[in-house]
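Listed next: structures, encoded as structure tokens.
Next, two complexes with chain A in common: one pairs it with chain B, the other with chain C.
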Partner chain A sequence: MIIAAGAVGRTTGAVLGRRNPVAKLGAAFIPALTLLVGVDPVSSGLILIAALLSVPAWGLTWREVFRRGWPLLLGVTTISLGNALFTARKGGAVLVDAGPFLLTTESVAAGSTAGMRLAAIALPGVLAVLTIDPVDLADSLVRHLKVPARFAYGSLAALRLAPLMATEWEILGRARRARGLEPGGNPLAAIRLFGGKLFALLVGAVRRGSQLAVAMDARGFDSQRARTTARISRFGPADAVLLGCSVALTAAAVALAVVTGAWNPVFSS
Partner chain B sequence: MSPTDNVSHRAGTGLGTRRRTWRTVDIVVASVLGVAFGLIFAAWNNFVYPTVSLPLEATPFSPVIGAVWLMPAVIGGLVIRRAGAALYTEVVAATTSMLFGSVWGLSVFMSGVWQGLGAELVFALLAYRRWGVFGSLLAGGAAGLAMGINQSIVTVPEFSLGWKAVYVLAAVTAGLVAGILSWFLVRALARTGVLAPFASGRVQAEV
Partner chain C sequence: MRASLDTVTGAVGERGPSRVRIRGWGWRYAGRKRWACRGVDLDIDAGERVLLVGSSGAGKSTLLRAVAGLLDPETAAEHEGSVTVDGEPAAQARDRVGVLLQDPEASLVMSRAGDDVAFGLENAGVPREEIWPRVESALRRVGFGYQLSRSTAELSGGEQQRLALAGALVRRPSLMVLDEPTANLDPAGTELVLDAVRATTDSASTTLLIVEHRVDVAAGLVDRVVVLEPGGGVVADGSPDDVFARHGSALSDDGVWVPRRWAPAPPRRTPGPSGVIRLRAGGVSRTYRRAAAPSLDVTDLELREGEATCVLGPNGSGKSTLATILAGLSRPDTGGVFLAADPRRPLHRWRARRLCRSIGMVFQDPEHQFLAPTVRSELLIGPRRAGIPTAAAEQRCDYLLTRLHLDGLAGANPYTLSGGEKRRLSVATALATAPDVVVLDEPTFGQDARTWRELVRLCAQLRDDGATLVSVTHDAAFADALADQHVTMRGGRITDVRARPADDEAHRHGGTTTRPATGTHSSPSAAARAVPRGTGSEL
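After this line comes the complex of A and B, so read on.
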């Protein structure tokens, strides 16, 4: 399958890369939630630039981020175009006028703003997730956000089945090919084959999950006694500083947007 | 539908006092379903979404092909039949796709929360007692409505009000499709016998 087994994030040694997962996600959440409130190029642009500049601090390389993130670029482009076409703001000079499709300078600006805002919402989270190991995330959620341990570690156990499922998906495809079941360019046949594979995958997954649950219960997973932790998750001063910086940056972005007059609440148009 | 309702009173561990708490098998199977869909999401997000659906994506009709996003919520609810199952399964699916490198970052997680809440709300309004095709359709539709509203704030904030309405309607349509597909899928799953640990898997025995 397209998803490699090692596709999950890994902790890096860089200054942001080794922060607590909860702090990283929190730092990405603050601008993402704030940007939902308004649509303007100033606050989105500032957050986007800050996120792009922070790439080395996460212990990532530009090449790596681009290799993983190019679909975002493509998606943002089409979404910008969509917003430009279907916006109510059609002032300014006409750029393209082809039947129902009308693009003007104002509509293109509005579309680009929407695209940039989406990129600014997505990118900090992408950077955070690229440097988060799911095991650390589960530990951190239980320790610092008081997420119920059974749910955090239960989902972690299921996540560990992901590479198996990816392999199984490939095997299901090969089994069908051996039987002569190939779509051969027919989209309807492709959909039917996909549905069959998906169903077989889910049956296998549920069966394996039930067995896993029995094995976990046999090891006292459901025990009512107080639980101790095997690994220690620490939320240190540096993690608090990361959250503080995120708040400060987000506040600065919004303040700058308000001062320059660009601020535009989402429901105003 | 009615034989199912009779069964659900004895669901879970068989101990009346623990009927409302989640067993390990509930947690793990809900998670596994979420993870399976999360992998599909991740593949969809990064490859199908920007390539195959490219011509559609720039239009207000793009949500119609989004039924796959909403299925984990309905399936989770139908299989586990517990309060929170729809929301939990959808959030696990969204988180999995995020961890496996979805390029949409935390916006995927937020979509998961809203869509899961939409389906969860319907199951809650039905008092977690009705798991038939009607409930599935409603749950899917509500998840679709949540998706449409969330996306119209996140991805298409500049659409005019009329086009936003079209966008949300397209999302609700996708939700109804997801609801009916999920119902058929869970029925088929029950027939294979893999849902034996759940009340949803005992439907066949009653027929």
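After this line comes the complex of A and C, so read on.
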């Protein structure tokens, strides 16, 4: 959905914003995969700080990141609070003691580590996705990762239909109200109504999808000939440097965590 | 001969126009008992421009797809005969054929205009340095007035269809196949697209095969008309003047649209009885999220009993927004719509059960309205929700099935009906609770001439029985044949409200409260009166 809402990367000349989509995604995946293995405040913290500092280099403003990425912020807050409340580590000084809810310095530390880790895993991905144009991504996946064109451009065309589906959903709701059907306060009726709308939406989507497939084949999409590309997708030295920086930063974060004794791999404990 | 044509047309069409030869051709889709098309023999010469007509179910679209080489033999239960383009089976001649389909939303692939036109060239393996000059020239030819980077989502329907046309032309087809290219467009968009077709498909480079409901304009594009009959192959063939003059009225009886010159006169408008004000929209407006301008600016409108109103205006003028607000189905940002029977509570705050007794809505796409597995149960949903006793609901259902010629289909699944049947069912569902107000969104969209006439008749009768009718439509002929009041919209505002004078004042049954005595037993509304009502909204 974030992708479908349109990207800004193409219009900016920002140093990270105009990198190749595959390089951007790679650069976001490397620290994310590493942080999945380790749970500690030092490595997550370093990567999170680096990601936050890099925001202008993606051609994004803080406002934009906040406006489009607020679900992430919500997730981070929930995870932090949840972990702080329900962790088994309740040592240290008591901060809040309200019946079943007990917050101690140690539980708050555990909570913020979990939240920080989530943010550090997700934020680079959000930055990449916000600045990737879907067309560029499809071009780049086909060219550099040898993803089949039929899959990449087929998905791209389907993505165009997403806003139509949203409109359709509204109409389906109205058509039901016109016949005396609305969820009202009854959750069972609401579920039934939702199921019916979903079915009708899928029927419409399948029909549109098959029309789209016909239209694409009419323009030779199923031809056996080797495809050319109208747009140039380049994976240049700067893209390699971006990947290299991502590896270096991730390595530095892990090294720092190990040196400070904070390193805490998931599988060892 | 091809070689000499190649040299003549040079850069425009590499091959010269194509020849199509269809021999004993038939196609039956998997899971269908009936052949979509059978026994078709047809020759189309290089450079000919052919309009294909026939009643719904004659297999026009199937035949077009066959010529375009787009039918997958795996979807057929049986097929026979052959379709060749320049002597090659159509499926192998696809490179020569450009296709324009009905719905531009389902034809565009890319999010940027230039990329979309380039798509067909990429597939054909055209080197990159040739692609962009060809894209630009194709866009110029169809008169596309925007940058290559223009977002396809921001174009109007007519502009999108022009773009789709460029996407077909850029491949330099020697045969263009057009399947109702203007069906989804308003009159302005239709002009836009047909002008572009006219300007870009000259007979020196392109053979043209087109199916189009708007025969008045399409007849000017072609030099030959071919009539297809369901299961009967080609039954008439000749110049437009010849075919329509000879078969015009028979075709029209079969539901085929024929140019006005040869069509039977449309039903004459009779004025409605027009009584007191029944529905009042006060200061309603609506602005969609992230939209720059309101879709509907602050609007007032009054609708009377026994009066038919048509709301006309281009796409995006706010007609549909107004319709759903009038029907109480969406919430206006300001103001409200009130029924005379309840002047305090605006319709958008009514419970759905109550709303569906007073207001019926016919949606543009009938399928949006289908909820039940059979036609019969579909018609019983509204009455059941509205709390109408079963016996009365059943009686009403039987009546509507007969009245709308659906009685043979009571057990059928709504999704399996033909286009005309779907439309009639969607109208019947809106009438099932015998509402006082019926709102119709593009009721004649995509309908054949027969269903069209039935709709006009039915609407006039409903109105004569005292119902308040509002139709949002592009169809000026429908408005002419029905409306007592024309409302014109543009840019989210009502720009004109014109009451049409009664042709003959003596016909007016007038008065403010009396219902005309006509049609007491033959009309749906008359039957409706037999349904016991509990809401007290009856006048």
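Annotations
Methods note: the second predicted complex is superposed on the first by the 235 of 269 C-alpha atoms of A that agree within 3 Å, B and C clash if a C-alpha of one lies under 4 Å from a C-alpha of the other, contacts with A are read in each partner's own complex, and residues count from 1 in each chain.
Heads up, the rule we're going with is that a contact is a pair of C-beta atoms (placed from the backbone, for glycine too) under 8 Å apart; a residue touches a chain by one contact, two chains touch by 3 or more.
Computed from a predicted structure; not experimentally measured.
Placing chain B and chain C on a common chain A by superposition gives a fit, with no clash between them. When the shared chain is aligned, chain C comes close enough to touch A:Val135, but chain B does not. By the touch criterion stated above, A:Ala175 is placed in contact with chain C alone, chain B being left untouched. Of the two partner chains placed by the overlay, chain B and chain C both lie in contact with A:Ala157. Judged by the touch definition given at the top, the superposed model places A:Met216 against both chain B and chain C. Ranked by how many residues of chain A each touches, chain B and chain C are led by B. In the superposed model, A:Val203 lies in contact with both chain B and chain C.
In the superposition on chain A, contact of A:Thr228 is made with chain C only, not with chain B.
Of the two partner chains, chain B is the only one touched by A:Ala122; chain C is not. Of the two partner chains placed by the overlay, only chain B lies in contact with A:Val266; chain C stays clear of it. In the superposition on chain A, contact of A:Ala251 is made with neither chain B nor chain C.
Taken over all C-alpha pairs, chain B and chain C come no nearer than 5 Å in the superposed arrangement. The residues of chain A shared by its contacts with chain B and with chain C are 134, 157, 161, 203, 208, 212, 214, 216-217, 221. By the touch rule above, chain A contacts chain B in their complex via residues 1-3, 7-9, 25, 28-29, 32, 36, 39, 68-72, 74-75, 78-79, 81-89, 110-111, 113-114, 117-118, 121-126, 128-130, 132, 134, 137, 150-151, 154-155, 157-159, 161-162, 165-166, 169, 198-199, 201-203, 205-210, 212-214, 216-217, 221-222, 266, 269. Note for the complex: chain B touches chain A at residues 22-25, 27-29, 31-36, 38-40, 42-43, 45-47, 49-51, 54, 57-60, 62, 79, 88, 92, 95-96, 98-101, 103-107, 109-110, 153-161, 163, 185, 188-189, 192, 194-197. Only residues 65, 68, 70, 94-95, 97-99, 101, 103, 105-112, 114-115, 118-128, 131-132, 135, 152-153, 164, 167-168, 171, 324, 327, 329-330, 351-353, 355-357, 359-361, 363, 365, 367-371, 381-382, 385-386, 415, 429-430, 433 of chain C touch chain A when the two sit together in their complex.
The part of chain A that touches chain C in the complex is made up of residues 134-135, 153, 156-157, 160-161, 163-164, 168, 171-172, 174-182, 184, 196, 200, 203-204, 208, 211-212, 214-221, 223, 225-232.
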